Amino acid sequence: MSIGLLSLIVIALAVAGYLIGRRIALAKAGGDARRLHSLPGYYGQSVFLFTAIPALVLLAGWLLVQPVLIESRVSGMITAADIPEGSNADLVMSDVRRISTGLDLVLAQGALSEADLDTMRADFSDVRGRLAEVGVALGANVKPAVFQAAKTYRSAATTGRWLMTGAVLVLALAGMAYALSRISPEFRARNVTEAFVKTLLIGASLVAIMTTAGIVLSLVFETVHFFKLYPAKDFFFNLVWNPQFRGGSDLGIWPLLWGTLYVSLIALLVSVPVGIFAAIYLAEYASKRVRAVAKPLLEILAGIPTIVYGLFALITVGPMLRDYFAQPLGIGSSSSSVMTAGLVMGIMLIPFVSSLSDDIINAVPQAMRDGSYGLGATQSETVKQVILPAALPGIVGAILLAASRAIGETMIVVLGAGAAAKMSLNPFDAMTTVTVKIVSQLTGDTEFASPETLVAFALGLTLFVFTLGLNVLALFIVRKYREQYE
Amino acid sequence: MTAEATNMRSSLYKTDARTKRRNAAEARFRVYGMMAVGFGVLALVVLLSTVLGSGFSAFRQTFVTLNVPLDAQVLDKQGNRNPAEMAKVTTIGYGNLLQAALVAELTEKGMHPEGMKAKDIGGLISKEAPAQLRNMVLANPDLIGQTVTFDAYANGRIDGYFKGRVTMESAALDSNVSPEQLQLADAMRANDMMAMKFNWGFIFGPDASELRPEAAGLGVAILGSAYMMLIVLVLSLPLGVAASIYLEEFAPKNRFTDLIEVNISNLAAVPSIVFGILGLAVFINFAGLPQSSPIVGGLVLTLMTLPTIIIATRAALKAVPPSIKDAALGIGASKMQTVFHHVLPLAMPGILTGTIIGLAQALGETAPLLLIGMVAFVRDYPAAPPEGFMDPAAALPVQVYNFTQRADPAFIERASGAIIVLMVFLLVMNLMAIILRRRFERRW
Amino acid sequence: MNDMSLTERAVDSNEIKIAATGVQVFYGTTHAIKDVSVDILDKTVTAFIGPSGCGKSTFLRCLNRMNDTIDICRVEGDILLDGEDIYDKKVDPVQLRAKVGMVFQKPNPFPKSIYDNVAYGPKIHGLTRSKSELDEVVEASLRKAALWNEVKDRLDAPGTGLSGGQQQRLCIARAVATSPEVLLMDEPCSALDPIATAQVEELIDELRENFSVVIVTHSMQQAARVSQRTAFFHLGNLVEYGETAQIFTNPKDPRTESYITGRIG
């Protein structure tokens, strides 16, 4: 039974439960809704919730846990001898999964019966050929142990699926029966329903925490894995980044950090002055009409997807910088460079700086301005000596947020900065960043369990820690600043 | 005090030197501000005009119009019109058919260039055209034996020639196209055998291989993005609204809710690529969901969109005046009833606006999708939902990235064209948000 | 109105500092000030009283062109400072405001140190040539504002950390530091407690030695206590203007009388 169908059945049961619950409540009250503690609908709702929610939660949990359990059981069947040269247990397990889905397809086509499958043995029949017919391509012939594992995997999955269907339906019915049994005119159905709904609301707000936990756990877990294969000392102190396909890689983070920080620095050098001056102009000088036009225009910059900026860097800014600056000056010949990525990223960050700064400048009380004008200060003197110092913490917060964006930005640097990991001072050199290498290490052809792939998680963790630090600091500063004027 | 004395005597009508200097500084400062705003707006204009400008041509494409006799001898040797049998004729057979038809037509019109090989003449037609013709015939075996008028894509270089990307000089150096072929193309265009037409295949067709830029389309990517947006909408709206209601209306002020709040504001600023890593580690490696599937993309984008929706929803809930809550509570409604009957409906326009903006952000997101396998080359349309959510698919912004990674410069035009499509979607979504806000904006 | 002790002090000067004739102020389409003519004397405290919304603050803000910062505000009529029209095209409001200082309703010290708050005006107008000269100006101004003894040990502390009354005196010191000729005060005591109010009022009386002071106030007792001349505004009109004692004891206009006895307000 497909998961979609199962969920539909559960929901249908719950709807039925609603109708029945409502009717029972009314019947018990002798048809007079006024004798009930709550409105009849609440009795129905309580049945609906008790039927649907536990069953659906069980379903989701089962779907998450079942593959893990089966995998641990099946992987025990594969011995070291079954793992071919140059491969590893993970790859063999993925073969097992693919063979098992392939067998499902073969059965579905009716070319083979369940009984045939039981007697089928990899050493005699052409499993690879059979599977190829249904579109499951395998790299090599199937070893008997692997085939056996696949069969076990398949049967365990099938059994698991049936068990799950049964358990979910039983739980749904049990929940419904329990909820129905509680119905009586004195039953505080509204309070029960509301408490239940409140629990659901809390659950929804926990998703944010679970997401953070998921991020941290997956990053830390795989990073630890990485440090078992590659010494942490080398990762943090080696000045060379040079991944090799066949091991012996140099995976020092410094060239990547250097590129990241260099690009971010250029981006901030563009966006901070432009953003702050734009914010000052819009907040203090611009007429209402200019503001009404220019502010949304600048904010469009923040709404444009980063891939568009990436393409802009690739086809316009990069070649232009190369042809008009780098080559005539003899300082570079690559269209992708730190300058290209930094400049384009700087444009992207303008609204991040200007919008927040604009808000913050507007939050400076008018009394400050009056005080300054009243002493005969010009507008620019007021801005420079009164408003900016007053707004400084907030503006620093805005800049930190922009810096965190810059460090975590991916598409612009993927398309604009280049892929060469080096530490150079020349901004017209192509360099690379942490994010670029995360993408290239995780989308490449290397196997998952190799240090060359796992390093991406260590890079991700570094990135996460960096940006988290900046964000927390920025939020703290901005919050403190807001309190000052509230 | 001397200053006081001078002040006493100075006339207001005379601007003193210092004030002049200060006013000049004032004017300069103002100009800096104008320049900053101008720079931002100029950057926007240049960005949009170059990217969009180089993309418009992707929607028009050179086609070769041919009358192709579908010879039963070649295409259906058994003569029983059984598609399974006919499928044995590969695209090479259809390619020869197209080539022969083109040569025949040129000869008939007296345009056949002296000494040009049939293979070179056939090279004017895209290598994708035989496959399209084959699909057309297999879908409708009755066509066999007839002569059909077929619009074949012209080769990408020929198309590039008419779009100014390829010149006679560059063709002389190019192993894929020769100046003679370009001359022939000119002649064919003059004779209406070749024409630029609107290319629906670009919007609805699937991607094509590296060597056939002329046939590359966005259909699979658009469908994949649509699936993901559907998932994001269905998951993030209820989750986001529920979380916001709890945090805004019910949550006690304590350490725990503080933790949730800090979490949400941090998640909003976590780099998108980190969400990609999360998706790879949790949804693909741990939960075993299929790579490059819309479900994984949708889940990852949901987690990214949630903070946006929560922040917008909370602002909308906060904007509902307490007097309305007090009124409902005052006549004996429970807190839950007050929220669901009064506060939520009043906040709905704001919530929807925030949701649309969140969706628009998610639609343009690229980096996390790269990590969950969306870069894979996918030519098959995913099935209808819900099964299709598990099928491999592309995504619009990732398709742009894929195009940029290919060698043929024709793909740059395609990438820009794909961005136009993406921006049109974003524009429509943002306009919806603006209209919603204008239409339902309430001031208390 | 039980405790109205009037200061029977003669007006010291008869020299006209500011002469306003036929002043009209419009906010958009609202006619806020209607044909007001008033002469403000040098070295005198002049009080503007009247019910809220009567235009007294608006008129005060015309005197140093603070209304310029509001886009929709339009001023007609003549306002002469020492015989020079302050709304003349040649006049730079920046220079004008150096001569006509202003203290606001709510104390608004800048988020800077006490010293920098006071030094702000002299610095921007370039009134001093050296640091020691600036130090002198700051000290003198703080002394004039009767704040020196309280803050002399913590000039580097932020001005926002002072108490409300101290903040307002700091703002007065800040205004005094540019050595203006006229000091405008827009309800300077309305945000202060009675003790701080008394301190500021005492200060105003001392400031009269050097400046012409114009004070807008809500409180008639205050007007009676500190001013020598009083102008009564009502609905944008200047109803009555004269010596404070005369206005409070023998008002000529029935509206003034109603206000003073508490019938309008």
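Letters are used for the chains, namely A, B and C, taken in the order the chains are written, and counting of residues starts over at 1 for each.
Throughout what follows, a residue touches a chain if its C-beta (ideal position, glycine included) is under 8 Å from a C-beta of that chain, and two chains touch if they have at least 3 such contacts.
Nothing here was measured: the structure is a model prediction, and the numbers come from that model.
Relative to the C-alpha centre of subunit A, the farthest chain centre belongs to C. A count of C-beta contacts for the chain pairs B-C and A-B puts A-B on top.
Averaged C-alpha coordinates put the centre of subunit A at 60 Å from the centre of subunit C. The distance from the centre of subunit B to the centre of subunit C, each centre being the mean of the chain's C-alpha atoms, comes to 63 Å. Chain geometry summary: the mean Cα position of subunit A and that of subunit B are 20 Å apart.
Multi-chain contact residues, meaning those touching two or more other chains, occur in subunit C at positions 94-96, 98, 124-125.
Annotation for subunit B: residues 22-23 touch two or more other chains. Residue positions of subunit A with contacts to 2 or more other chains are 378, 381.
Touching subunit A in their complex are the following residues of subunit B: 22-23, 25-26, 29-30, 32-37, 39-41, 43-44, 46-47, 50-51, 54, 238-240, 242-243, 245-247, 250-251, 259-260, 262-267, 269-278, 280-282, 285-288, 303, 306-307, 310, 334-336, 360-361, 363-367, 370-371, 375, 386, 397, 400-401, 404, 412, 415-416, 419, 422-423, 426, 430. On the side of subunit A, the complex with subunit B involves touching residues 4, 63-64, 67-68, 97, 190, 194, 197-198, 200-209, 211-212, 214-215, 218-219, 221-222, 273-278, 280-282, 284-286, 294, 297-298, 300-301, 303-312, 314-316, 347, 350-351, 354, 378-381, 383-384, 401, 404-405, 407-411, 414-415, 435, 438-439, 442-443, 448, 456-457, 460, 463-464, 467-468, 471-472, 475. Within the complex formed with subunit A, the residues of subunit C that make contact are 64, 66, 69, 71, 93-98, 101-104, 106, 108-112, 120-121, 124-125, 171, 174-175, 178, 184.
Those residues of subunit C whose C-beta lies close enough to touch subunit B in the complex are 81, 84, 86, 88, 90-92, 94-96, 98-99, 122, 124-128, 137, 140, 179, 181.
By the touch rule above, subunit B contacts subunit C in their complex via residues 1, 3-4, 7-8, 10-16, 18-19, 22-23.
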